[in-house]
Structure formats: structure tokens, C-alpha cells
Amino acid sequence: MGWLADSHMARRGVAGGKEGAFHRLTEAAQGSYHYVYGPYSAPVLRIAPGDVVEFETLDAFGGAVKSEDDLPSKVLNMPFVNPQNGPVSVAGAEKGDVLAVHVRSLLPRGPQPAGTTALIPDFGGLTSSSALMLNAALPERVKKMVVTTEGVVFSDRVTLPYEPFVGTMGVSPEIEAVSSLQPDYWGGNMDLPDVAPGAVMYFPVQRAGAHFFIGDCHGRQGDGELCGVAVEMAATVTVQIDLIKGWSIPGVRLETAEMIMAVGSARPMEDAARMAYRDLVRWLVTDYGYEESEAYFLCTQAGRVRLGNMVDPKYTLGASMAKRFLG
Amino acid sequence: MGWLADSHMARRGVAGGKEGAFHRLTEAAQGSYHYVYGPYSAPVLRIAPGDVVEFETLDAFGGAVKSEDDLPSKVLNMPFVNPQNGPVSVAGAEKGDVLAVHVRSLLPRGPQPAGTTALIPDFGGLTSSSALMLNAALPERVKKMVVTTEGVVFSDRVTLPYEPFVGTMGVSPEIEAVSSLQPDYWGGNMDLPDVAPGAVMYFPVQRAGAHFFIGDCHGRQGDGELCGVAVEMAATVTVQIDLIKGWSIPGVRLETAEMIMAVGSARPMEDAARMAYRDLVRWLVTDYGYEESEAYFLCTQAGRVRLGNMVDPKYTLGASMAKRFLG
Amino acid sequence: MGWLADSHMARRGVAGGKEGAFHRLTEAAQGSYHYVYGPYSAPVLRIAPGDVVEFETLDAFGGAVKSEDDLPSKVLNMPFVNPQNGPVSVAGAEKGDVLAVHVRSLLPRGPQPAGTTALIPDFGGLTSSSALMLNAALPERVKKMVVTTEGVVFSDRVTLPYEPFVGTMGVSPEIEAVSSLQPDYWGGNMDLPDVAPGAVMYFPVQRAGAHFFIGDCHGRQGDGELCGVAVEMAATVTVQIDLIKGWSIPGVRLETAEMIMAVGSARPMEDAARMAYRDLVRWLVTDYGYEESEAYFLCTQAGRVRLGNMVDPKYTLGASMAKRFLG
Amino acid sequence: MGWLADSHMARRGVAGGKEGAFHRLTEAAQGSYHYVYGPYSAPVLRIAPGDVVEFETLDAFGGAVKSEDDLPSKVLNMPFVNPQNGPVSVAGAEKGDVLAVHVRSLLPRGPQPAGTTALIPDFGGLTSSSALMLNAALPERVKKMVVTTEGVVFSDRVTLPYEPFVGTMGVSPEIEAVSSLQPDYWGGNMDLPDVAPGAVMYFPVQRAGAHFFIGDCHGRQGDGELCGVAVEMAATVTVQIDLIKGWSIPGVRLETAEMIMAVGSARPMEDAARMAYRDLVRWLVTDYGYEESEAYFLCTQAGRVRLGNMVDPKYTLGASMAKRFLG
């Protein structure tokens, strides 16, 4: 983890590797899970910056889809889906700060097959919605997959690499309480595969204590989460949570050893792309000494885009720049 | 080039490596360049399937931006931009066939600095247009860059890899003649970095002879061609053009040694993403034995998206699947 | 108001004209106003179905823009804008019911000039946002207008008709608390000029008591609320609130003597249009005996669309059918 | 027609009522119809400014849908749909001028039932497309309607008013030849009900002679042309064509006795709305003495929006201002 010594945490005086207390938020300790990101629920845990927390997350179905016969339209109780752990209150966090969350590890838990994907009526990237169109829905379907750190057994023909990430993570809005199905500037349901072990996430704190939430872990996912349901799984995820005082950012950013990325969530999708790239340009100007038009040119010639989701209430894209191109 | 023996060309009876005649379409031989993809111009060259053609392309400015003082708004004469070589008529090509174009090499030509990018008023991904908004335009600016096969000299701080590709390529629509600035199902100005040496492009033929056009080569480009202008350069580009009879595809596809990709061009951007993934699902069903919902699931868990452009009249994305995941 | 006897209230057993108790919710009685539509605030008033309530609403700025020198960026404290009266709890209302709200009268209150509009940086239909674009913001500006029932004095040259309506009105979501700047299926900041005296609004109840909110009255507005700020004014607005048990509707609908309208709020705008028309087709099928394709044809030949807003977090459109065309 | 004396034609020195020669372009005289708006077809008629032309137009199906049993997918031969009369070359017209087209009358012709609407697979506002989605198409259906100047007999229950207009009209692009199914800045398939008898259309000339096209007349249509097919009919349409030298406009505008309207065609729909309102603001500034922010405010408080189509390759909206509000 040598790169953390040169990360934005370190640049702003936070020793990313310096470890505080360790907390374990088991299912039992969590008790009731949450379905909104908001300020109206009491913290289930209070930590200091630098502390490490291990969460036992549920899958996006709250475990209700136990077999391929458990059709989501029958076993789910909307809007009580995508349950979240938290909120975790971070001492000293205030509006205008940044919460830096280092994702350390992510492992599947629970009985096999641990992974679930599904076709849910009226939901998905290649599926018309009965709220908008007259076409009949696609047939509902559940698919279970064995998921281990060795891979995701997609079929007899194909085993896909285990490339886990956190689908939903972020801080509470200031006065809103927003569905855990939605991503926005505070994080939430971004479904962005870069939110993976090794990455440091930067969230703009909106209220005292930050109120961090996490859930919806995935064994892997293609770009866009096309049918709307990745390799959903209950998981054990461990993060270190730090606080950067007085760093004002307009939305979610992240950093790995190789790159920096700004995240945009919006509709239509081009607005998410603009939001991500716009903030990446801002970042290059503010922290890397680029004149604005030069930053715009650099992104034009060397920026990369990762499509997170094209199915949620807002679409999420990340725009990134390789550190080796930063000069 | 061993993978070509297992490509979709080979699957359909075309020996991708078997070489026909060689043609050179120099600037002088081309004579007047074209600004629309359409059926109303006479072929400048007639070839047989399997023939190889070397084109001398102009840059997107037609060479009019010779220095950083040549502002596009002064030296360009709209709509006469993005000049194209062609049309090349391919013997035997008919509506309902596929033109398979193997990109063999792409080299910059002309004096250094060979590469040009620019901020053009009212144009670009982070730029509002005076056709839509009241905001003042960004200042116009041209940036010249040395481009060799060793790299693109972006600045004193950064040299970017030479990763050339063809910005605009495709076949004529049946009855329309469409600006070479626009991408669509027949190809055109996709600005997709995967259209690079090594790739085989598949274009759905719309009229007798196919009428192939090509131009707008780039020394490299980030995802989305953010400011609207990549590393534009005059180039020598060599392609082999084959014909696949009786393969009906709804839009552009491409193939490399590692992956297959379907391309979508549309607005808003989510429709381009849907179009690309929708055709990738179709391809998995038709050619790889996938049941449709399984193909949808596989794309969900393992599909990749490349954003070509977010600036042209239609946005272009490619949705791809690694061959190693095809089972 | 004879048409109410044939309204959807009457069809479902609610005598729209039968009046219950009268309540007055003055500024003082309201006390603190609300900035989210949500279930986390205690009712300020409890009523029975059929009761009439008179509200003293604040303008969208909470009265902070007192003169043309009070620039919004200086006097507003985001996110504390668009203050709402309520919540009003309605006895017996449960999820799956409909709240029928008959708008009876709407009058400006407070000192003249009572109306305010403004250009707010980064906000508005013809304004690029610094969250998306690099262009400089438009100059900020406030314009005050005298507003009486005789008209809105726009300038020395033009007085516009007084055509008041309620910009923001609706019921609480079930578990979310959403900014009063946003419209959605529960109502909220639709900025739709048809929400005017004489109309009956139908809102799908999401939780026990419905929790009705109202605010943001306008002296008038063009289609789309182009710059984002209508003729904002503090107002006295009187509504009768009824309850229709067991009428399940997916979003907001409304009815006047002349027409029925379904409302859609979404991005991009075509999705709002689809949502509105989709629900209008549903309504024709369910309540007017139309076969679905006939309803689709009737909307094609005789539907009308009103653009409410093209500036809020979701755009709002209403799709309507004249009652004289319903057969 | 007294208002024409104060129209923009008159303001720029064209006597709108002064009549030139009369021309009749019958089906026989037209001979072959056109399926693209472009410069590559020879004029079928040459006129002087002020001349009047009566056109015999075909319906959008070229008359191929003769009964409710003639399903479009069987009888149409794509892309040969929406046949257009013209091109008419106008003496003296040059790029940078405006063609002013006064729609004088529009009558159905041919045997009854003269009107046709249809559900065409993968096409329509509430219909998903197999190019984008996996859902099954809606059942195909044709509906015939008697259309006279007395009304459109929609069903036994409902006769709708006869409110005819021209669906497709405009001038040739400079170098492109674009499908007659598409609207754009030169006109084309706008499907905007305001293009009706009494209106004067203003088209920005793109090439010498203007090359005017017209077709696709409708007996009436709701806002948005929801299923994609209005009351299609063969028609006799009469227009007077004038030329305004040296009036530079960026897109289509129109004028009636009561209002002025700017038209935008784009995707997503909000861009069409912005384009229309942006040009209306420009018009208020240029011709009515408004300072730009005042024009923006006036549109905010008094602008009206008409949704033309939400089904064509670009969506079309008109933004208008009542003349009585112009001061």
C-alpha cells in the first residue's frame, strides 16, 4: 500500500495507513437495516477517524431470494430493498469536509450458491418499463451462481473472475433521505466496479458526523450493470474511514495506485459523463497545476470512462486519469 | 494474425488473410475529398473483395489549421470539414451483405508537429452551445503536438502513447447523404478508439458496391473525445477490404483477437449504450449459442463499454465481450 | 362547479362539494416550514376528508429576496429554499388511496411588488451549469413585479394576465424525504400551470395520513418555467381535501371541467412525456372503456401536452384529453 | 389576412399578399416523389418569389395502406416512405436568405376513408424498439377514418375537429440529403400542428434556389404524434412562396396572426425545447427590442410550448410568444 503515502489523504495530512480502533458490525449488531440514505436514523456505531470497520452486509434482496424459484416480484416488499449497514458517525466530521474510505477487503459470506442475479419485470437496461411503454414485460427469472474468491461460476461453459466491489456506499445528505437504490453526489447506489478493494473513496460530508452507509456488495459486474442486477451477495467488507478537514469537493471521487477518478450520477447519461469529466478537470486544475484548457485537452486525449450503471434512478459514470499521465 | 483464422470472416467463408490486389489512393489520386457519406458521388476506386488499399487521408480540418494561430472559426469553411477518401466500390457487394475491413496499419504523415487539437466555439463535451444556451462561448484555442510512432508529445511534462485509430469510416447509406461529422448504423464519425490497427470492422452494406469511405485519423484519444477534437492528423492508413455475403447485421460491429464489440450511435447516450448492448446480445444468441436471457446475464456480469464520442451529432459507444468469456 | 358532480371524486363516492370543517394555517400556526417532502416531520394539522384548509404560503425564497438588490446567491441558504406548509394528516388515508385536492382560490399576499423572478447562477433552462460545463455563469439578476388579481406588471410595455397556480404540492413518500425542489410521482415541485384554482388534483397516498404539503405559489408562468423562477409570491391558497379509498394510481393526475390530465416527472424530458401519456392511456382504458390500442390512437390524434418545468431535478409534463373527446 | 401586412415578411419588404403566378403540381406533373431532403435531385418546378403553388401530396405511406388489412410491415418498402413533392427552385434564393411560405389551404383528396393511422412495430412514443430493448413488439394495426372538412370520424363515439396541417415541409440542406422522416434546422418532418393554413413558415435557405419540398399532410394530430402516425392523408395543399433576402435565422420559425414561434428539433427532448426557446429569445432581442435577460424573463412568464413530435429521429417542439404580450 505504498501509494497511499502519496495519496490525497496523505497530501492533506491524513496518514492513510495509520490505523485506529477496529469495529465489527455484525448482522446482529446492525439490527435493523436501512433503505434510505438520510439524517433521520440514529447512528449504529460511532468511530474516530482512522478506525477500521468490518461490516456484515446483506445482499440487495435482503436475502429474500433464496433459490431460483423465489421470484423478486413475489418475495420482495418494495420499497424495502437494498438494505444498508450504518449509519456510522465519524467524530469531528462536518459539512465541507471529506470522508476518505479505504476499501480493504471484500469477501462473500453465507451458503453457496452465494451469488444471485435476476430479470425483474420493468427493470433493466434492455427492458422497457410499464411506467413508460405499452410493451409486455420480459419473463421474470432468477439465476444463482457459486461465488468464491476463485471465481463466479456463470455456467458450465464460463467461470468469470472474482472482482468484487461495493455497489452502494456513501454519506447522508443534509436534509434529504433518499432511497438506497439511487446514486448521487453523496454516493449511494453507484454500482461502479472501481469501488473495489484497494481504492480510496472520497465523499463530501453533508452533515455533522457524516453518517456513513454501506451495502449491496457484488462478486463482479460488467460495465453498466445491464439487467440491473449484478452478482449480488451477502458479504463481509472491511474499510478504514478517515477524515480530511476542509477539502471541498462537489461529488464523489476515488483514487487507486494507478489513477484518479471523478464520479457523476445523472440523467440523461451524457450529463453523468459531463459531471464526471467536469470534476476531473477541476481536480487537475486544483491539485495538479493544470491550466483549465490544458486539463480539458488532457482529458480529451487521455481520459478514461467507466460506465457504472445504466439502470438506476440516476446513471453513474466515472472519468479517470492515469497517474502516469499527470506529469 | 492467427486469430483471423477463427474470425467471423473465416466463419463465413472469407479467408481474412488471403490478399488481393494492392491499391494506393494518394492525395492526388483522390482529387476532391468528400464531406458526406452518400450514394451521390462516383467511386474513385473499384476493387475486388480481398484487395488492400492504402489511403492518404487529410486531417479533420483539411489541413487548414497549420499553426496555433489558425483559429478554426477563421480558417474553416463549414460544412466542408472532416474530408473523406473514397468512395471505394467493392465488386459484388449488395444490400444485406457485410463489408469486413481489416485495419492493418496507420501512420502519421506530413510535417511536424503533425497533431492538432482545438477548442472550437460552441463545440465540445464540456461546452454549452449558443444554439441551446445563453452563456458566452469558451475562448478558442489551437494546440499543436509532435506525433510519431514513439508517442504524442502533449507537453513538457507528458508524452502520451501513440495509439492511433480511424475516427471516421464506413459505407454509404442507401438514399441519404449524411455529414461526415455524424456516426450512425453505417459507420461514419464514430471516433471510437477501438477502430485501430488489428481490428476487423463489420459494416452492413446498404447499396450495390458498398461505397466505402475513410478519413479523420487520430494519433490517440481519450474516451469520449471530450473537447471534440482528438489528436487530429493527416495519415497513411492501410486496410484490407473483404465481403461477407448474406450476413445481416443492424449496425457496426468489430472484432479483435481478444474481444467482439457491437457499436451504437444515438442520443441521448443511454440509447447508444442500449443499442450497442442490444446488438451484442443478438450476436451472442445468433453466433454463440446463447439463450437470450443468458446472453443478457452474461453482458450484465462481464460486458465492457467503451465511450467513443460524447460530442458528435450522435454519441457512440461500443459494448464488448472478451472472447475468453464466450465459453 | 357543477362538473364536480361528474368528477372522478363523485364517481368513487366522494361528494366533492360537500364541505367539512374549515382550518386556517397561518404563518404563525405553521411555525417552521419544511424543505423536504417526507414522513419524518410531525403533522402541523390533522383534518378529516372533506375539510377545507387555507394556507399562508411563503414564496420560494422564504421571503429573503426583498428587493432587486437581494441577489439569491447572497441571501439564500441552500438547501433551505422552497419552504412548504404542512404536513397535514388526513384521517383514514392509507397507502393505496388517493388524496383528491380541490384548489379553490389563490391570492397574493404581502407588500407590493409581490412578485419576484430571478436569474440564479448555474440554474435555468437556457443556462449551463458549472457542475457540467466550463462556461462562465450568466450575470445574476432579480426582477420585482407588482402582482394583483388584475395582472402581473411585467414592464412598462406589458402587463400579463393573473393566472395563478400552485408550484409545489403533494403527499409524502413512504420512506424517502425528498427536496421540495423536486417533483415526482407523489407531486412536489411540478411547476405545472394547470395546478390552478378550479382543478382537482389526485395524489397517490404512500403512507398513513397521507401527509399533505403545499407551497411555492406563482402569479403566473410560461410553459417550462424557462429561467427556473416563475412569478414567485407569498400567497393565501385555499383547498378542499378529500379522500378516495382504494383507487390505485401510479402518479399524479388532475381534472378540470374541460379535461383530464396525467402528469409525468422524469429525465430526459421524453421520459416525462411518455410517463404522462402512458398513464393517460391507462386512465382511458380503466375508466372510459377504451381498448388499449384505441386509447393510444385517441391520444395520438387528440392528446395535448403541457410542459410544466424544464429546470427542476425532474422535468414535468402533463398529457391531457378534452372531456368532449372522450365519447 | 390583414395581419400579414404587419408580418415579418412585410417588415422586410415582402408584400405577403401580393400574388405571383399560380402553379399546379399534380401527381402526374410531380412524377417520381422524393424520400430525402437534399440537393441531388433536379427541380420539378421553378418559380419566382410570390408565386402560388398547389401540390397534390401523397400520404406518408405513398398510398400503399389501402385498407385496415394492409399492414405497414408488409406493404411498405423502407426507406421509401413519406414521399415528398418538389423540389421547387425559387429564383434568386441564396444561402443566408429566408424562404417565407404562407400556407393557404389544405384539403383531403382521394377516396374515403381518407385518413389512416397505424401501430407499426418498433415505432411510436409508447413503444420500445427492438434496436434498443428485448421486449416483444406491440401487435401491428391499421385504422382507417373518414376525413372531411367537417371532421375526423375517429369512432362511433367521437368525431374530432378537422384541424389539418403539413407534417413535412422545408428546404434542402446544403450538402446533405436527409431522410424525409427527419426534422432539422431546415424543416423536414416536424409534425408540428402549427404548420397549418394561415401560418407563415420561415426557413433558412441553405443553397441556391432553396429547393423547397412538401408532403405528409395530416387531417389532425395530438401533441407529440404519440403512436408515430397522425391522421395521414393524401391532400391538396396550396402555399405562397416568398423570399426574404438577407435575413439570417438559425432554424425554422413561424408566425400567425396571434403569435410568433421558434422551432427546435433535437434529442433528447429538452435540447429541442432549449433550441426553440433559445431562438425565441434571440428573436425578441433582434426584432422586438428586448434586452436578453428581459427576453429570458418574458419567455419564463409567458412563453408557450407546443410538442410537435416525440417519435421521429429528432423530436420537435415550438416555443411561442403571443403577439399581445410583445409590448
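Order of writing sets the labels: A, B, C and D. Residues in every chain begin at 1.
Please note the rule applied: contacts are C-beta pairs under 8 Å (C-beta built on N, C-alpha and C of every residue); 3 or more make two chains touch, one makes a residue touch a chain.
None of the values given here were measured: they were computed from a predicted structure.
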{"item": "Other chains in touch with both subunit C and subunit D", "value": "A, B"}
{"item": "Chain pair, B-C or A-C, that carries the greater number of C-beta contacts", "value": "A-C"}
{"item": "Mean-CA-position distance for subunit B and subunit A (Å)", "value": "34"}
{"item": "Geometric centre distance via CA averages, subunit C-subunit B, whole Å", "value": "48"}
{"item": "Centre-to-centre distance between subunit C and subunit A (centres being mean Cα positions), rounded to whole Å", "value": "34"}
{"item": "Per-residue multi-chain contacts in subunit B, two or more chains", "value": "126, 132-134, 138, 267-268, 274, 278, 281, 296"}
{"item": "Contact footprint of subunit B on subunit A as seen in their complex", "value": "117, 119, 124-126, 138-139, 141, 143, 152, 154-155, 157-158, 160, 220-231, 267-270, 273-274, 277-278, 281, 293-294, 296-305, 307, 310, 315, 319, 325-327"}
{"item": "Complex contacts: residues of subunit A adjacent to subunit D", "value": "126-128, 132-138, 268"}
{"item": "Of all residues in subunit C, those that touch subunit A in their complex", "value": "35-36, 38, 40, 79-80, 130-134, 174-179, 250, 266-268, 271, 274-275, 278, 281, 292, 296"}
